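In the two assemblies presented below, chain A is common to both, partnered first by chain B and then by chain C.
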Partner chain A sequence: MSSWLDYTINGLIVGNVYALVAVGLALIFGVSRLINFAQGSIYLVGAYIGWVAVVQLHTPLPLTIIVVAATAAVVGLIIERFGLRPLQNSVRIAPLLATIGISFVLDQLVMLTFSPNPRALPSQLPDVRFQLGGGTIGPLDLLIAGVGISSALLLFVFLRYSKLGWAVRAASQDRDAAMQMGVDVNRVNQAVFGIAAALGGVSGMLVGMYYNQIDTAMSLQATLKGVVAEVVGGAGNVPGAVIGSLLLGLVESYGVAVFGTSYRNLFAFLLLVVVLVLRPNGLFASARQAPPEPLTGTFIAPSRPVRIPRWVLAVAAAGFAVLPLFPVSFYVLQTLINAWLLGMLALSLTLVAGTMGQVSLGHAALLAIGAYTSALLSLTLNVPVGLAVIGGGLVSAALGTLLISPSFRLRGHYVSIATLAIGEIVSLVILNWESVTRGPIGISGIPPLSLFGYDLISPSSVYWFSLAVMVVLALLQGRLLTSHLGRSFRAIRDDDIAARAYGLSLNRYKSLAFIFGGFAAGVSGGIAAHLYSYINHETFNTQQSILALTVVILGGLGNVVGAIVGSVALVGLPEVFRIAAEYRILIYGIVLLLLVRFRPQGLLGTI
Partner chain B sequence: MSNIDRRTLVRGSLAAVVAGAAFSRAALAQSSEPILLGVSGPLTGPNAQYGAQWKQGFDLALDEIHAAGGINGRKLAYQFEDSQSDPRQSVAIAQKFVSDPRIVMELGDFSSPASMAASPIYQRGGLVQFGFTNSHPDFTKGGDFMWSTSVSQADEQPLLAAYAVKRLGLKKLAVLHLNTDWGRTSRDYFVKAAKEYGAEIAVTEGYIAEERDFRSTLVRVRDANPDGLILISYYSDGALIARQARQVGLKQTICAASSVYSPKFLELGGEAVEDVHLGTRYFPEDPRSEVKKFIAGFKAKYNGQEPDAFNAYSYDAMNMAAAVLKIGGTDRRAIRDAFAKVKDVSSVIFGSATFDVESRRVKGAMNAELVVRKGQFALWDGKPT
Partner chain C sequence: MTTSAPEPLLALSGVNTFYGQAQVHFDLSITVARGHIVCLLGGNASGKSTTMKIILGLVKPRSGEVSFDGASLVGLSTPQIVRRGIASVPEARRLFADMSVRENILMGAFVRNDRDAVAQDLDRMLTLFPKLGQRLSQRAGSLSGGEQQMVAMARALMSRPRMIVMDEPTMGLSPLYVDRVLELIRTINQEGVSVFMVEQNASLALEIAHEAYVLQTGKIVLSGPARALKDDPRVRDAYLGGSEAA
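Let's turn to the complex of A and B:
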C-alpha cells in the first residue's frame, strides 16, 4: 500500500515539472490560438542562461531567476515581433510552422554556443531532504511547485481582474472586436509572449537544477509533454494546464507501477487520446467557451494556386525520368530517391491535411506501419517484395484509418495533437510488442527491393522504381481531387456544418481520405524498409512527421505538385547546406522562416 | 594544423568541382594530397554530443599519426558528414562517399538504424564501413565490407556480471537498461551471465533514451528488494538514475556498464555517484603505455579535459584505420583485405587489437574494475562499500 503512496507522490512531483511548461503554452494558446512549438526552445535557452549565471557569474538564486526571466522574456518578445506578428493576417497554419522554424533556430544557436555536451547545473538551494512516504523531497520540489501554482494563480487573477488581463481575454475571444473597442492587440500579444517566455525560461532553469543536467535535446521532450498536459487540461485554460500536468504525471507514474517503465509514455499519450475523445476541448474547458476554431475554413485559407501547365509537368517528369542516363553521381540519385519517398508521404499528408483539413502530426506512424508490415511479410512469410510493399500500403491504410478514427470528431489544432499522440503510441507499441516487432533490436536483413523476380539494387533502378510509384500515386491523387470526392473533401474542410447539411457523411469521407493517404504513406515506408535493410522503432520518428508537415505547408496545402516540389526542396536544402557543417540546420531553419514569412500560403498555393 | 580543417576541405572540394574533369584520378592520388576517410555521424540533432566527442578522439590520433610520419609518408584526413543519426541522411552520405574516389574508407555511423541502413550501399559500392560504436550483433553481418571494433557485449557483460556477483557479492539484482538495441542486447548477456554466477534477477526495467524521471521506476526497484542495482546506461542517464536512487532512499550498491565512464558522469551525478562501481576498458592510472600516451596527449590538446569512453573509441578507430591503410594502401578492396591482415594494433580499449576474421570484430577487450571514490574514478581496492 505504501508503494501506491510513493507512486502518487512521484506522479505529482513530475507533474509539477510538466506544469511549468504547460502554463506558458496555455497562456499563449489562450490568446493567439497557437500551439507554440518554440516554448520548449525558450525553456532550453532559459536553462543555459541559468548555467551561465550560476556557474560563470555565481549569481545568488533570486538574481539568477530575475536574469533568466528577463533574458527569456526578451527572446519571447523578439519571437513575437519578428517571427509571428508579420504573419498575423495570413493563414492560421503559418504561425504554427513559424514556431517550428523558430525552435530549430533557437536549439541550433544554443547548441553552437554551448556545444551539445550535457552540463551540470547545480542547485543553489540548501541540500536538505524531507521524508515523504518511502522517498524524500527537497526544497527544489517545493520551489517548482510554488512557481507552477503561484504563476497559474497570478495569471488567473491577472486575466480576470487587471485591465490588461481583460484586454488579453477580449483579444482571445474576438480579435477584431477587441481592436474596434480600442484594445491594442499587438501590445496584448507582446505582454503574453513576454510573460510566457519568462515563465518558460525560468522553468527550464529550475528543471535543469532539479536533474542537475541540461542538454540541447531537452527542448522537444519538454514541448511534447507540455502540449499533452495543456490539451488534457483544456487548451488555453491556465489553471486547467496545472491540473492536466498533475494528472499526466499521475497517469505516467501509475502506468510504470502496473506495467513497467517502458510503457510510461504510452500511458501519457493514451490519456491524451481518451480525454480528447471524451471531452474534445479538454477536461476543464467551460461549455460556454467559443469553439476553438472558427467554423468556416479560415484555419486553412484558400489562396490562388499557381497553375502549372501540364506540358511543363510532363517535361519535368520526363527530365527526372531520364536523369540516371546522364553521368550524375549516385549521391544525387540517392538524394532524389529520398525526395521521392518523402514525396509519397507528403502526398498522403497533403490529402488529409490540405484537402481534408485534418492536419496530422503523427504521419510517421503510417510509414512505420507500412515498413514493418512489408519487412515482416517478406521475411517471415516469404512474400515477394513487390507484393509485400503493396501489403504494407494496404495494412497502413486500414490500420492507420482505424487508429486515427477517434480523432474524426475533433477540429483544428486538436486533430494535430491527437494524431501526434497516435503517432507516439504506434512507435511505443512497436518498441514494446517484441514478439512481433522484435522491439528495440529491430528487424535486420530485410531483402532489397525486387520486381517480378529481379532485384532492384542499383541506385538507378531504385530511383526509377520510387519515381514511378510516386508519379502513379500523384496522378491518382490528381484525378481524385478533380472528381466529386475531391470536391466533397474540400467542402468538408471549408465548412463541415454546411457539408453535413448537404448530406455528406463526415466520417465516411474522412475515412476515405485516410485510406488513400495511408496507402501512399505505407508504400513509402515499405520501400524505405527494403532500401535500408534494417529498421527499428527509431527509424520513423516524430521529426519525420514534423518534416512531412513542413513539406506540405511549404508546397501549399492540398497541392499535389506542391507536395513534390516541397519534398525536393526540404530533402535537397540540408544536403546543399552540408558545406556549412554544424551550421546547416541553423541555415535550414532560417530559410524555412523566410519562406513562411514571404509565402505563407506555400510555394504553389493551397488548392 | 595537422588535420586539414573544414574550410580547406570545402575550398578543396569546390576547386575539385570547378576543375571538374581536369582532375584525373591519378592526379588525386598524388602523394601531396592527404588520404581521405569519410566519417558519417551526428553533428546536430539529439546525438550531437557523441559526434563532437568522436572529433576530439580523431584529431588527437591524427596528430600522433602525422608526428610519426603519416601513412607511408602521406597525410591522413577525414571528411565528417553530419547524418543527425537519421537513416535517410546516412544513406545519402553513403552514396556520396561511395561515389567520391578520394574516400578510401568510411567510419561510423553512430546509431544502429543510421549505420545499418547505409550498410547495403557500402557493401555494394565496395567501400569499407568501419563502425567503431556499432554493437548491434547483426552489424557485421551486413557483408564483408562491414568491420567493427565496438566492444562486443557478449564479451563485456559477463565481465560486469562477474564484478557484481563474484567480486562484490551481490545476489539479487535489479537491472535498469536503455531500451535500445544496445541496451537490450547488453541486458540479455548480463542476465545470462549473472544467473550463471548464481545471482537472482529481481527485476529488469527498460527506459527510453529521453527519459529524465526515474522515481517511479525506482519504487518498482525498491519493491523488488534487490541488494544491487545494475545500470546499463550512458553517462547522462546513468547519473540521473544514481541521483534519483539516492533521493528516494535506495542505498544499495550500484554497478554500471563501462559506457558511463566519463568525467561527465562525475560532474552530472555529483555526490550521488560516490561508491558507484563500474567496469571500464582503461582508467587514469592505468600503467599501460598506450593509455598513458592517450590520456596525456588528450589533456595536453584539450586544456586538461579528461577523455571518456567515446573519445577512446574514436581515437582507437583512427589509429586502427591508419594501421589498416599502411598495409592496404589506398585501394578500397585492398583496404578491406588489410583488415584481416592487420595484427596487434596498439589500442586503448583492447591493449592490442587483432580482428577475428570470421565475425569481423575484435575480441578480448581490456577490463578494469573501478569505483568512484571522493569524486574520482579509482581502481577498486577490494573493500566493500
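Let's turn to the complex of A and C:
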C-alpha cells in the first residue's frame, strides 16, 4: 500500500519524535552520567496533559504545546529536586534505581488518574495528505518535523551562546572543574532536567496525536526507544542523539516494511545490542573519549550484613515447612507459593547483580525461557513435568548466558541497558517465532506439576515442592558464596581491573554466575508455567524484572537470606494489608525509592 | 610564622579532615599573606591535594576554620567561594576538553558579568600567553600538556581573582615548560595576585615562593620563609636530595 518514500518519511517523523526524548536523555547523561529511566514517564505525562488540554479544555494547538511543555518541565524539576539531588553523594547506581522507582510511581499515578484504557488524542490539525514524489505527507508530519528541527536549533543556540548553556557543556565535561569556575551544578542539573522534561512531554503529546491514541504502556516503550537512540548516538552526545534517533526511526520503518509491524521493536533492540557490542561509546564517539566510568567498587553500599544464626534459619524453614499441616487458607498458601517462585528469581538476580555486580534489568527473560522450554518439553515431547522443569532451568542457564554474553564486555549502566534490551529481544522473539512458541496466542493447556508420576495439584503439595526447590537452590548458593568461586565473583565486582591483573578471566566468571543464576530463574519460570497452565510473551515482563530487583535491594544485594526475606515481604505485605492490585506497582516504586534513599544496603545488608 | 605579614589573606586554622574513618589533616594551620606566594610541600598521601579541596570547598573539614579576607569560608559552596575571589588551577589541568581554547579561557570569567572588560582581559591573556593566540578555536583536548597548563592558568586569571590556588602546576611538563610556568606564576604574583600552590617538586617551588609549609601525613612538620627552608637540612634530606640534579 505504501511506497518506500512513505516508509522513509514515516521513519524520519518517528525519528524526530525519538529525538525529542533522546536529546533530553543525552543532556542528562552528559551532566549527571545518569540514564534517566523516568524520561518515558514524563513523555506519558505529556501525552495525558495534552489530552486534558485538547479534549477537556479545548485549547488551541500552540497553547496546548506550551501547556504540555511547561507542565512536563515542572515534573522534571520536581524529579530532579526531590528524587535525585538527595542522592548526589550516594553510590553511583543509586540515581539510576531512583529513576526506575520514579517511573513506576509516575506511570501508576497516571494510570490511577486516567484509568488504563486507551484514549483518543485528536490532533486538531486538518486531515489532508499532500502528494510528495511517490509518497504523501500530512500537516501533523510537518508539525512533528517542525517541532523536532526547531527544538534542535534552539538547543544548539542555547548550548553555544547562552551562559547557562556554556555551564551545561562545561559541567558535562568536568563537573568539578566547572564548579571551580563558579558554575552552580545544581542549577545546571535543574536546567537540564527542565529542558529534557519539556521536550519529552511534547514528544509524548505529538506521538499521541500521530497515532490518535494514548495509553499507559507508552511510557516504558518511550524510555527504551530513547535510550536506544541515545546510546546509538553515543551517551551524552546531543547531536549524536538526534542522528541516532533518525537512524532508529528509519531502521524500524524499513524493518516494518519488510517484515511487518510486530518486528518494529525487535529491530530497535537488535540495533542497540549491535552498537553496544561493536561501539559501546556510540557510533560517533571519538576514540579519545574516556571509557564509561565503571560502577564497580563504588556500586554496593558498604555494610555489615546482619548475621542470622543457623538455628533461626532452620527453625524458620521448619516453620514454613509445617505450615500446610495447620488449617491455613488456600489464599495464604497461594501467596507464599508466589513468594517462593519470586524468591528463586531473586536468588538468581542477587547472585548476578549483588555478588557479581552485573545489574540485570532483563531478568524476566530467564523466566520466560525456562517457562517456554518446560511447557513445550512436556506438551510436545511428553517429557515428564519434573524433568521438563529441570530442562527449563538448564536451557535457561545455557541460552540465557549465551544471550547475555555480549554484555560481558560492558560495565556499569551499560550492562543494565544491554540486559534490558536482551530481555525485550527474548520477549519479541517469543512473539514472532510462531512455529515454535505459537506467537501471540501463547501456550495453553500446560500440564500441572508432577513428580515421579504423581500430579501435584493440591495447594500444599505445590507449596512443599516450590519451597523445597527454593531451599535447595538457596543452600547451593550459600555454599557457592563461601567457596573460592564466590570470592572470585566478589573480587571482579569490587575491582575488575585488579581481578584481571590477578589472572581471573572475567568472561568465564561472569558466565558461571549467569549459568547458576539462569538455572534458578529458569526453574522458577518452569514451575510457574505448570502452575498457570497458560503463558504468552507478556507473562514475564519488565515489570517482573524490576520487581525482582526491588526484592534483591530490599533484602540486601548479594544476600541469599535477604533475597528470600525480600520476596516474602514484597509479595506478602500487600496481601496482608489487602492492597488493591493497581496500587501495588505504585508501592513497589515507593519502596524502591525509599530504599535507595535511606537504606541502600537493604534490610539484611549487602554481602 | 609568616615573616612580618599584615593581616593574612587566607588562613586555615586548626583544620581536621576525615575521609570516613581515616584522618587526613591533624590540626592544620596555614596562612597566606597578601601578595605572597606560599607553597605547600609534601610527598604522596600527605594531604596536599585535600588542602586545596578544603580551600575550594570541595571537601568539608570536620573541624577548624578557613577564612578568606577576614570572612569565613566554612559552609560555602565551591561556586560561592570562587565568587569571593579564589581561582584555581586544578591538578592535571582539568580543561573542558571538547570546548575550544577560547571557550575554556572565557569559562574562567563565568562569575563575571562585565562583558567588555572580559573581552579586554581575553586580549590581555593573549599577550601573557602569546602561544595561545593561534590555538583559540582549537579543541582544548588537542593541546600539549604545557599548552594546556597555559590555558588553565589563563582560565584562572580570567575571574580577576585575588588569589589563585594551584595543584602541582609543573607536574608532567617538559623542563622547558616548567621554567615557563614558574616564570608566569611570578609574573601573576607581581600583578598583585596571591598564590597558594601545592607542589612535590620542592626545589623549584622554593625558588619562587615567599613562604613554605612542609606537610607530612596530615601534619605541618616545618614552616617558614622559603629561603630558610631551602637551606634546612631536613627539607634537603626529605625533598631535595637529587631532585636538584634533575
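Basically, the second predicted complex is superposed on the first by the 529 of 607 C-alpha atoms of A that agree within 3 Å, B and C clash if a C-alpha of one lies under 4 Å from a C-alpha of the other, contacts with A are read in each partner's own complex, and residues count from 1 in each chain.
Following the convention adopted for this analysis, contacts are C-beta pairs under 8 Å (C-beta built on N, C-alpha and C of every residue); 3 or more make two chains touch, one makes a residue touch a chain.
Please read all numbers here as calculations on a predicted model, not as lab measurements.
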Query raised in the report: More residues of chain A are touched by which partner: chain B or chain C?
Result: B
**Report entry** Which superposed partner A:Ser253 touches (first chain B, second chain C, both, neither)
**Finding:** first
Report task. May I ask you to decide whether A:Arg129 touches chain B, chain C, both, or neither, giving the answer as first, second, both or neither? Result -> first
Requested in this report: Considering only touches as defined above, state whether A:Thr261 meets chain B (first), chain C (second), both or neither.
Outcome: first
Query raised in the report: Is A:Ala167 contacted by the first partner chain B, the second partner chain C, both or neither?
Result: second
Requested in this report: Quick one: classify A:Gln334 as touching chain B (first), chain C (second), both or neither.
Outcome: first
Report task. May I ask you to decide whether A:Met181 touches chain B, chain C, both, or neither, giving the answer as first, second, both or neither? Result -> second
Report summary line: The chain C residues in contact with chain A across the complex are 56, 58, 77-79, 82-83, 87-88, 90, 94-99, 103, 106-108, 110-111, 141, 155, 159
Query raised in the report: Can you list the chain A residues touching chain C in their complex?
Result: 163, 166-167, 169-170, 173-174, 176-184, 288
Report summary line: As the complex stands, chain B meets chain A at residues 6, 10, 43-46, 48-49, 51-53, 80-82, 84, 86-89, 91-92, 94-96, 98-100, 111-113, 116-117, 119-121, 124-125, 136, 138, 141-142, 176, 179-181, 183-185, 205-208, 210-217, 219-220, 222-223, 236, 239-240, 243, 247-249, 264, 267-270
Query raised in the report: Which residues of chain A touch chain B in their complex?
Result: 3, 6-7, 10-11, 13-14, 17, 108, 111, 115-120, 122, 129, 134-136, 138, 211-213, 215-218, 220-221, 252-253, 256-257, 260-262, 264-265, 329-331, 333-335, 338, 341-342, 431, 439-442, 444-445, 448, 457, 459, 528, 531-536, 538-539, 543, 571, 574-575, 578-579, 581-582, 584-585
